[in-house]
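We call the chains A, B, C and D, going by the order they appear; numbering starts again at 1 in every chain.
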Amino acid sequence: MPKEVTDVICPFCGTLCDDLIVSVSDDNKTILGVKNACAIGAEKFNHQRQPGRVKRPRMRQADGSYKEITYDEAIDWTAKMLVKSRKTLMYGWASTSCQAMSIGHEIAEKCGAIVDNCATVCHGSSLIAIEDVGVPSCTLGEVKNRADRVVFWGCNPAHAHPRHMSRYSIFPRGFFTVKGHKGRKIYCVDCRYTDTAKCADEFIQVQQGFDYELLNAFRTAARGEALPDTVGGVPKEKIYEIVEDLKQARFGIIFFGMGLTHTMGRNHNIDIAINLTRDMNDFTKFAIMAMRGHWNVTGSGQVLGWQYGFPYAVDVSRRDQARHQTGETTSVDLLNRNEVEACFYIATDPGAHFPVDAMISSSRKPTVTIDPHINCTTEISDIHIPVALVGVEVGGCAYRMDNVPIETRKVVDPPEGVLTDEELLTRINKRVDELMAKGGA
Amino acid sequence: MNTVTLTVKKQPELYLECENVNTDAFAGKKAADIAKLGAYQGKEILTLGDFFTITGEAGATAADTKIIVNGDCTKMKYLGAKMTGGEMIVNYACDMYTGSWMKGGKLTVNGDVHSFCGLALAGGEFTINGNAGNYLGAAYRGDWRGMSGGVLRVKGNAGSDVASFMIGGEMIIEGDVDIHLGTHMEGGKIILKGNANRRVGGQLVKGEIYVFGKINVMMPGYKPVGEKEMEVDGTKATFVDYLGDLGERHPKRKGETVYGHLYMKK
Amino acid sequence: MAEKKITLNMITCRTIQQGVGMEAGKTSQKYFDACTVMHMHPEDMKKLGIWKNTNVKVTSSVGSVIVKAVETREDLVPGLAHIPMGPWANRIVPAYTFSTGEPCFKGFPVDVEIAANARIMGAVEVLQDACGLIRK
Amino acid sequence: MSEYIIKNGHVFDPTQGIKGDKKDIAVKDGKIVDKVGSSAKVIDAAGKTVMAGALEVHAHVAGPKVNAGRWYRPEDKHFDSHKKPGITRIEGGKSIPTVFKTGYEYARLGFTFAMEAAMPPLYARHVHEEIHDTPIIDEAALPVFGNNWFILEYLKNHEVENTAAYIAWILRQTKGYGVKCVNPGGTEAWAWGLNCLTIHDPVPYFEITPAEIIKGLIEANEYLGLPHSMHLHQNDLGNPGNYKTTIDSLKLAEGIKATNNFGREQVLHSTHLQFHAYKGTNWGDFESGAKEVMDYVNKQKNLTIDTGNVTLDETTTMTADGPFEHHLHGLNHLKWFNVDVELETAAGIVPFIYDPNNAVFASQWAVGLEIALYAKDPMRCFITTDHPNAGPFTRYPRVYSWLMSKKVRDERLNSFKKADKVISATNLANMDREISLYELAAMTRAGPAKCLGLSKDYGGLKPGMNADIAIYNINPDKFPSSGPEIEKAFANVAYLFKSGKICVEGGKVVDMGHKETFWVDAKVKENKQVMHDVREKFLRYYSVNEANYPVPESYAPHQHIISVDATKA
């Protein structure tokens, strides 16, 4: 008899939908179907049962092909690499649990590494901005229950966070928002007429790369000062009109995404959007939130935060102090500048998501990649260690984009003999201890 | 004033953290003692003697000490950082944090510097006879207290995010800058002899920026209020006075709102 | 007379197809189909002298990649082009971060040329090729 | 487990009335015992001070806002992150230390327990993740209730039983310890950008006043008979003239008697009173209201308070009083962090520099000390810095030095740039009292333990109690006279025993102990109404499912569960 697991947490994006229903074969081995998930979330569960999944570690050989090795061999190789390297990049963490991260940090502190997470190429800019000017924000339930003005700026939840609009931001009826979508005015600011823009009541097309100037114009307009005729392609009349309408909100929210974090000026685009939000709080209540993408990337920032005091790009390479400087201790900069000697990737795929020059630099260093599946990075690594899928085959804590933590659920067993991230890292940690007790690799 | 000369004899394989290469760390030490000062290369703890030939000896205090560094320093961080007095000359390009958190003395780099140099400069003179990278004279991440004093001069170009969160002191860039000059500035003076790409004086509360060249795109929050004849860093010219950033908060003094000024040379 | 080469402003973004493809597997057909395309404005296609679904060579300051030029329902303005994020887009994304950690994923100039008969590489291949890991 | 005998120390223990007598303390199996065998390890405490481990009654040490404060202030630890030799991890952060530093530093100061003062229920899992990672010290957390929609709806109709049942449910879901109430009604108003500045301001939409919330929560707390009383952060924090609202709020407890099996006598704990004891109408004519407030507190036996001493440092303010932080940001313009939490609460953070050159900040410093010095019963007045709001807890030794030495205190007072203004705005210059070691033991050990309902096992050195013991290098016969000496003596214990194990020796952490998470399991009669309301609210208004709301067992591997039976209430 297949059974249904309810209240399952989706392991894909930062929306962390926690209402999935997964049907599972009675031997706990196979996922038969997923309800409530978006197309991407459903695919994540479906991929679990795909044939041909790698179940044992693999090592690259001289001819470029990979041969299967044991977990013990892979663990030994990894531990030796970490102990030997004078400075290692330990990047990823977004698709694993907070419990696993803690063990990883212990290894980093022992071996001398930099711990960086996917924010570094995603919402790192947002974190810089928050470090600089703070952020007035809220939980997603506040948006559902109160928001009557919603601005999507440089983000496209229709594609990147498919259930965001129905669960929290556009359509749901909440306590003070009984009319749902009808009671909300939706704005979308983007350089493209995205599918999200199509859901908006008003689309403001900004010239690519002019968000900072446009946000500056919004702030200037909010103070009643004069503006040039157009800013970033938007006529000043429109700017005044929107700002006046935003002031009429009872509870307004700005959601922003990589349209701001990746565009020229990066952190400054978010910085000034936060300052606009702050200004709007002189008139009414306003909040702003980053559309965090990669599942538990927020959790990595939290754990690094409480253990070291920095949200990403944490440099414990000297082992006697923790430091953080985006632009120096961030993965892409470290690779660009060849500042590290070895690479340890876990729960992400920089090979697909880092610019090629960074990956060329990476491919010339000893590299270990820990990931449930074959991906671009595994295929340029010395070792690929497969692990159980967090949130599917093993539970663990993950943080939503609004920093709300949720303990995720295991729905099926991992393939036989496949370790979880926690188990694997614990064993690497132990092997590192043994090697260091013996005085190095 | 006693002089210590450092000559690079070995290049680091990774980057070398030279937080002990400054007049304060050297003060009171002879060459042999200086050679024993630590320098991290990743997790490896080495000594300055491993990388430099060291001659001469330091004065009793930082103020009595002069340091000359010869040889390729492009992989050396923190040169002259946190120094409080004396003099230091680096005759080559150097890496990050050069002259950062400097409180006094004179630091000259005869070459380029990388990013995060002159961070939160509080006093002294820092001259770069080459180009500078990003975040020159800016605040450390999260801090609202950027450059607060001293004079920072760049003969060449500088990168982006120059003088962010500046609250005092004077910075002169003789070449061009990229985006974001004087963002969040709340005091002090920036003189830009060349051109700026975009975003000059964004979110500026207080302070003065002088631009001799062109700005590709002007911030919408600036408005011209008149012209002024001025002598700026030895050049007499007419400048158009822009008030701004009008999108930002501004303090009041005796009932009058205090704006920042962006002076564009005509 | 159509030009042989046009210059566009490139952005790389997520799409839902790219998301689905990613979860289906980096070596899956779904991922390949989702990420080996370049969204272009019809006017730019006309300018370049191509019909939709033509392979093009896209070159930035750091490298080149072959992708297929397509139209999109998410309208672009003329002059703006989009390749969904992935190893193909990243073959041309400049790694320079302005000391912020974030490379130039959005807003960098590219040259686009017709490459109708050029083959589009696979996800792993496009990366291994750049890293010099493919044995010829 | 090893046995120890601590010999010849000067013991200070208010639970037994021991005032510095030389007395041996025996330790066995984690407890204090009458005697131990001859093989017991001898700790020579001659010329030293022996007290129970201290209990922190109110600090922000774990959870979402604490952590936001950490990571959004890299500048708070850029030059302050170090690893000490030994078994410890890297320790960072001045005003908001990392979890490792938090555990180590409390232990070095002689603390064995800390209460996280504000846990948003929705973020309880985060709070417990941090508590889990904080070494050595026992911890507990108080969920916040003062702006929770369930509470507002129940108390609007004065439904105390439903309120109690809901509190019991939340304590179980969140592994919480008691009832915290922050700016009652004001934080809900803040969701619309508004506030409640007096206890009679109506809460928008909910048709209830802060006074009704405060009183109702006190009653529900006593209905349940929880170990700790209602723990209140009052309305109108930090504003001149607020002492009236403070006294008005305290009066709400009049006539209510403590009902519990834990030896607790108060029904209301009023926290960081320093911030609530201001006279005047603006920052220009600002004056201390400590005397007025403390005169009232001294009279009312069913109240306890903690001080919230300003330490004159750069720090980070953080509170569930969202509107206050917005107000503060308007004053100092430093980076403002805010989170509104659906159906429950909010929180704000702003860095703050208590510059001693500023007459207001220096006066706040004086007000905090006055509160402690006016307290007639040290068992009802506890020393805190409302960490990190008035200053980091790592400054406790300095606060002790000001309280224990008039000379040290006056030196500070007289060296303020605007000393005259401070002296005229406050009463401190005229106060001669010096807190004794015995009183300090009451204010930091026996008192907080009793207030938290833990006096059976904690806060004293009676045989049978938990062996949490701090030994300081202080000879009471030669009590240090200078500020730095006093600070040094309190900053690093000679020994810290946690549950009978030596965790700190000579100021160095030598063992991570066996930290426990305390929480209260209150059993109530089955309440269909409340369970129906819970289901309804999760279905319609929460953004997480009810099944994903509780804190899983694995987050608190070493639980110390205090059971309360309120089924017969």
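As a working rule, contacts are C-beta pairs under 8 Å (C-beta built on N, C-alpha and C of every residue); 3 or more make two chains touch, one makes a residue touch a chain.
This is a predicted model, so every value here is computed, not measured.
The chain closest to the protein's centre is A, with centres computed as averages of CA atoms. Across the assembly, the mean Cα position most removed from that of chain B is the one of D. Looking at B-C alongside A-B, one finds more C-beta pairs in contact between the chains of A-B. Between chain C and chain D the centroid-to-centroid distance comes to 57 Å (mean Cα coordinates, whole Å). If you average the CA atoms of chain B and of chain C, the two centres end up 39 Å from each other. Work out the mean CA point of chain A and of chain B, and you get 34 Å between them.
Centre-to-centre separation between chain B and chain D, using Cα means, comes to 44 Å. Residue positions 72-74, 76, 78, 334-335 of chain D each touch two or more of the other chains. Shared contact sites, meaning residues of chain B that touch two or more other chains, fall at 115-116, 134-135, 140-142, 144, 179. Residue positions 98-99 of chain C each touch two or more of the other chains.
Interchain contacts (touch definition given at top) occur between A-B, A-C, A-D, B-C, B-D.
Chain A contributes residues 85-87, 111-112, 128, 131-132, 210, 212-213, 216-220, 222-223, 225-228, 231, 264-265, 268, 271-272, 275, 317-319, 324-328, 337, 339-341 to its touches with chain B in the complex.
Contact residues of chain D toward chain B in the complex are 72-76, 78, 333-335.
Residues of chain A touching chain D in their complex: 6-7, 9, 18-19, 98, 102, 106, 109, 127, 130-142, 144-146, 167-168, 174-176, 250-251, 278, 281, 284-285, 287, 301-311, 316, 319-324, 397, 399, 402-407. Across the complex, chain C is touched by residues 115-116, 133-135, 159-161, 178-179 of chain B.
On the chain C side of its complex with chain B, the touching residues are 98-99.
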